[in-house]
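Notes to accompany the following structure.
The chains carry the letters A, B, C, D and E, assigned in the order they are written, with residues numbered from 1 in each.
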Amino acid sequence: MKKLEVKNMTKRFGGLVAVDDLSFKVEEGSIFGLIGPNGAGKTTVFNSITRFYNPEEGEVILRTKGSKIDLLDYKTHQIADLGLARTFQNVELFGKMTVLDNMLVGAHNNIKTNFLIEGFRLPGFKKKENQAKTKAMEILNFLGLKKLAHQFADSQPYGVQKLLELGRVLMSEPEIILLDEPAAGMNDSETDKLSDLLLKIRDEYNLTVFLVEHDMGLVMDICDEIVVINFGKSIMQGTPKEIQVSPEVQEAYLGGDDEF
Amino acid sequence: MHWQIFLQNVFGGIETGSLYALAALGVVLIYRVSDVTNFAQGEMAMFSTFVTYTIWVYSANAGFPYPYIAAFIGALIFSAIFGFLIERIFIRPTSDSSLLGKMIVTLGLILMVNGSAGAIFGTDSHYMQRAITGHIRFGNMIIRPHSFFVIGLAIVIMLVLFYMIKFTMFGVAIRATAQNDKVAKLMGVPTKKVTAFTWIMATMMGAIAGLMIAPATNVYTGMMADIHLKSFIAAVLGGFTSFVGPVIGGLMIGILDNLVGYYISTNWQTVIVYGFLIIILIFKPYGLFGEIPKKKV
Amino acid sequence: MLKKLSKVGVMALVAALLLPGLVMASSQGVDDNTITIGSVGVTSGPAAFIGQPYYEGMRAYFQTVNDEGGVLGREIELIHRDDEFDPAQARDHVEELIYDEEVFAIVGQLGTPGVISSAQLVSDSGIPSVYFGSGATELTELGENFFPVQPNYVYEGKLMAKYAVEHFEAENIAVLYQNDDVGRDGIQGIREGLAELDMEDHLNEDAVISHNPNQSDFTAPMQRILVQDPDMVIVFSLSQAASLIVRAAEDFGLEVPMLTTYSNADASFLATIEPSETAPNAIHNLHVMGWLDVDDESLAPLITSMEEYYPDSTINAYTMAGWVAGETFVAGLRNLEGDITWENYIAGMNTLEFTDGLAAEISFEPGVRQGVTFMAVSKVVEEDGEYFFEQLTDFMEF
Amino acid sequence: MAFFKLFNNNPYFKYILGSIIFVIIVFIDLQLGLFASRTVNLLIRVVYFSVVAIGFNILLGYAGQISLGHAAFMGFGAYLTAFISNNYGLGFLPTIILSGLIPMVFGVILGLVALRLERLYLAIATLGIGVTIEFVFREWVWFTNGFSGVRLSRPEIFGFAFNNSRHFLLLSTIILFIVILFTYNLINSKTGRALSAMRDSGHAAQAMGISLFKYKLIAFALSAFYVGIAGSLYAYAERYVHPSTWGAELSLDMLAMVVIGGLASIGGSVTGAGFLVFVPRLVQDLPLIGEITNINFILTGLAMILVIRFMPIGIYNWFDYKFIQPFYIKRLNLNKPGGDD
Amino acid sequence: MLKLHDISAFYGNINALSKINLKVKKGEIVSLLGANGAGKSSTLKVISGLLEPREGDVFFRDNKITGMEPEIIVDHGIIHIPEGRQIFPALTVEENLKIGAYRIRKSTDWRDKLDNIFEYFPALSDRRQQKGGTLSGGEQQMLAIARGLMAEPELLMLDEPSLGLAPLIVKDIFKIIKKINSEGVTILLVEQNANMALKVANRAYILETGEIVHSGNAKDLASDEKVKEAYLGSTH
């Protein structure tokens, strides 16, 4: 079953066509990779799906809770509630908040209170808040960040910040997560650990994972299917093996041998 | 003679507006280079004007043949030193603080500079002459040569700034410092000197503005209050990222003020003019000539 | 948690209820050697230009009195508090002076907003408050312990109207007024005055124009006045703006008599105009109201005293006002019979008829708190390049 | 030990303790007259400026939005209180709440403007709006009585008039206390987290389901509500409302309070209010130099600069960071940096 | 050419570097490797003057340059290209390059150098008047390096030049680094991409929590089992 379908998406910036009639499908429960050179429009695709951008043409069909909806009918802040959550290329944490509070923001839509209930601590508040906190601690524990719960996010090392961003995404109880370069800035052994973690998250939380990544090690290792784009257009879609042997992809993206 | 009245109001507005523009250019320069919203720009200009006034009176009493020129030169020299000292003593030590922290430093400067001016120069109003005295009459129209001097000066300063910032190595260094002072340093730009220099320039521009404004306000500790606020609004209206913007913004405020005051109401003048400008800003949120920043997600 | 705390709060309130109110001694601030009085007015910040000379004048007077052996065998000690022209601070300071410093009287409180904001407090306590550096009309109605002296601006406006139609024989009067408490009271007085004289039609409503107190460009107001072709202009603005208006009148060739408020009746105002440079013609049209009899003879004590105590300061209308504040308070003391108490002081003030000072006559009767009502018009004259005011009319009342 | 634990574990404890101590001091003062009435008045001023600063801190410190026109809301609240109590004679509580609610509506309107503008442009535009409203106060004589200002009397509750300033200090402190608790609760729950999230990263906040539209408006509305209430307290405390009080200078003072005391901190708000009320007064009392013209302005300005120079995170936050937190950590062997508010 | 002697540095109270000793000889490419937060970038910051060490000294061609202002260190011929493609986004490509020439502004006309630079980076020459912020990630990194070269450095320090770049571009970047080095510029390279870094480098240092734990010939390190496990991962 298809979880997410991008159909004929086009996004222009002034005269520049950043995404050009792009279509692809993401299978439910898979790990799906989007790769391509810098400036090929990968992040633009992410931003269009998550409604930071308004694509001029196309549809983004998400299958959620048994029905099909077009994400382009929704606003940016409504997307998370539909079961789709994302991370950012340059880690976007809430730096002046604690690790735990960062997680709780992830559960924003799941805590149903209003400011009178909160301000006067009316009945029901504590229960809802505690549920969210328990869940946050569970996820932090899963990611190995439990000890850091009360520390400020921006005082954490880069690796922890990346994990935290992942944890925050999980707090919104997503069905599909979009990860923008999760391995950026990690060395090769750290990347290996990330691969394992992503597989574990997919299985543990029953998720579809859709990622943009430059680290071919990671992409080839864990992706079930990959779409390669350049100049906003799809070059090919296929399994890692098919991609690796494609001369077109070699030329546009991977480059030749590892010799200098 | 309705068109004459209209023209007279416009012309008066251009004169006052170019004063706002002069004052605004210094604010914009400092903001662009050191990220400081200098709320004390007006008070610093007031202080420089008091010094200039003192030089003017002193040299006139001493029988110096060109007291105004002496005062003008004195204004430039004093304000250069003044700007240097302010930057060195108050701005540089706090340059690591947040944007808001820097705002508070300049609020502190308002109190200090204004307070000191009152303590040193007293609280009386004083007369200061125009650069070119007198006025010329065309029928019912009155034109002051001083206006041309002020407008010309504003345009010259604007052009010099524009050229320097756009084309010289130092100008590129200023812009680079403004965007990312750490990397500018790594490229060999002496960013501290660049910042000090811009404060000196901006303070000198403030002093010139003060000297030009003084005939229209008298010299006293409150002389810049209204003009300073309007110069800020002019800068925002024109767009903080351009040098043409504040000039156009200043002229607009000056002219609008007079036209509303003449044709609509003097009581509601401020409300109407500011209201109109705010509506413009809502439609042009980065000012008329401001660059719209690109937001990266 | 909240409940518990509100309980504490309620308990505290109940306890507070049981406390007796504060009782004041009516002879506070007086001992064998000194009479301590208080004053509140701005001496720092943007409005300091009023308070600085004002308090110099007041202190100069008290020092002169003290040097001559004081009054009722006691020296006068002035406690001054700066309110930065903020009504809330003024109220605080007045409360502090009455209850913490326990002064005998408030003398010469300066600035309308501050005076009004602390009026209730002064009224509640019953302390005598003598002379206000304010032209607010409310002062005339506040109570028996208030002794305003300065003419209020509404009254001055009325008198200006009378002068305009009777002395200047104006039929098409234009008014340019400062858009604040001063100017608004002024224009109200002018309207009232003309109405009482049944000459409303002499005021040209199209030429009643306000300006902001810190306005720098008078093109629009001047143009609006010029198109109405008035035969007289009343300028109800304080010196800063008024000096710019006179210069604008020169530039735009306004050639009718101009009459302005008593607040501008001093030499330093003329100095800010610098008439020979900026208004050689317009200055001769300038007239000013005056409530002080400022000939050389009456000014002599002030000038001598200022030369002694504040040799670097110029003497302006504010200095004179401060001086008169001191004069009035001391005159009241000298008129007092019996112990130095508030009741006796107020009784003494109610029979006062003081004519030896700068003002023509200062007097109060029970229930009457009008302040000075006699004023005269002066005109600017030039002699050897020097400009000064010369009294043109006799002092008269509305 | 148990005491420290209580301090750390129950977040309310420090506020409750502080308020109780304060109430007790005022209470003792009522009996003995310890404070000079000047001090009492200054304390009242600290109390209502604390409410202002907390409201402004919600906007600036927590939500990361700036406004330099909030003095207008305070003025509006003050005028409303004067108007309502002089014309309709409503009780204290309805009056003060109305004086917060009506400015709140205007806060939403300002929030709509703020949706279009940001940073310096927002700061200066709101400065302009504030000045415009100040001019409206001058001209709208029917409501404000123009330059004559409006007078009113101290509030009455159940027939008890708070004419004694000490009584009023107690009353306003209780209101401040409620405001502090409410704010503390709000900041440490969904709404507060959403505001801070919006401040730290608008993009991430949106991606997590936070509507910037909604929460910007909430930030402006809440802050206008607080500032309006503070205006109401001002009117009752000073018993006089005058149009020239509500200009740009007061708005800039609010900014200074929050930054000097400490951004995003309730304690910082109160500290900042205390700083701006007390420092100029204390300076005036200094021996010898206290007599120099304008010395209060000069030294207050200098003090502001010195605070930014040496405590750039604000006085309260600085002390919290330097002394209070290390103290907890040492005593309780906790690994918990970071404030709880 | 460059020598770090017992360098210790702190951010506030956090110890970033402890007793680092490091040498770079003329004409070499030396790599600094290590996990996030190991102190690689801090080492570069100490050398370029952005971070003042608490202890120890930095020598460049026998001159002690410890604690000098960054712009003075630039005058000595050391150029530090920080991580994250920190170009000046609102300046045009040409203006970015012009700033790079700030060091040599008195001796040469910066324009004369442009042709030389565009030889390395042909993609930039088509975009001379474009704002730096409009370039793609790869182009921005190229511009950052080009800007550094404008200063005619003797020692070029690159902080993670491959960060966030596509494999093809990463290869290009490393080719350029090789080429720059072959023309006589000494290079100190910080990289996460340890495999690539060890391929281009002559020698390498490996940092762990602010200390040097391994150092030596690049080829030897690449075949060291411990190093392989900790930094090179299993995928290669």
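The rule we apply is simple: a residue touches a chain if its C-beta (ideal position, glycine included) is under 8 Å from a C-beta of that chain, and two chains touch if they have at least 3 such contacts.
As the structure is a prediction and not an experimental result, all values here were calculated from the model.
Visitor: Determine the set of chains touching chain D that also touch chain E.
Guide: Both chain D and chain E are touched by A, B, going by the contact rule given at the top.
Visitor: From chain D, which chain is the farthest off, judged by mean CA positions?
Guide: The chain lying farthest from chain D is E.
Visitor: If every chain is reduced to the average of its C-alpha atoms, which one ends up farthest from chain A?
Guide: So the farthest one, by centre of C-alpha atoms, is C.
Visitor: Taking the mean of the CA coordinates per chain, how far is chain A from chain E in Å?
Guide: 31
Visitor: Can you work out the whole-Å distance between the CA centroids of chain B and chain C?
Guide: 36
Visitor: Between chain B and chain E, what is the gap in Å from one C-alpha centre to the other?
Guide: Taking the average C-alpha coordinate of chain B and of chain E, the gap between them is 43 Å.
Visitor: Can you tell me which residues of chain E touch two or more of the remaining chains?
Guide: Residues of chain E touching two or more partner chains: there are none.
Visitor: Specify, in ascending order, the residues of chain A that touch 2 or more different other chains.
Guide: 52, 88, 120
Visitor: At least two partner chains per residue is the criterion; list those residues in chain B.
Guide: Correct list: 114-115, 118, 267, 270, 297.
Visitor: Could you pull out which chain A residues touch chain E in their complex?
Guide: It is residues 35-40, 89, 157-159, 181, 184-192, 214, 216-217, 221, 252-256, 258, 260 of chain A that touch chain E.
Visitor: So in the complex, which bits of chain A are touching chain D?
Guide: These residues of chain A touch chain D: 50, 52, 75-81, 85-86, 88, 92-98, 101, 104-106, 108-109, 111, 113-115, 118-121, 125, 129, 147, 150-152, 155, 168, 172.
Visitor: If you look only at chain C, which of its residues touch chain D in the complex?
Guide: 1-2, 5-6, 8-9, 12-13, 15-17, 19, 21-22, 43-45, 48, 52, 82, 84, 86-88, 91-93, 95-96, 99-100, 112-113, 116-117, 119-120, 136, 138, 179-181, 184
Visitor: Spell out the residues on chain D that touch chain B in their complex, using ranges where they run on.
Guide: 60, 66, 113, 116-118, 120-121, 123-125, 127-129, 131-132, 135-136, 139, 203, 248, 252, 255-256, 259-260, 263, 292-298, 300-305, 307-309, 312
Visitor: Name, in rising order, each residue of chain B that touches chain C in their complex.
Guide: These residues of chain B touch chain C: 5, 8-9, 11-13, 15-16, 19, 114-115, 118, 122-127, 129, 133, 135, 137, 142, 144, 213, 216-218, 220-222, 225-227, 254, 257-259, 261-262, 266-267, 269-270.
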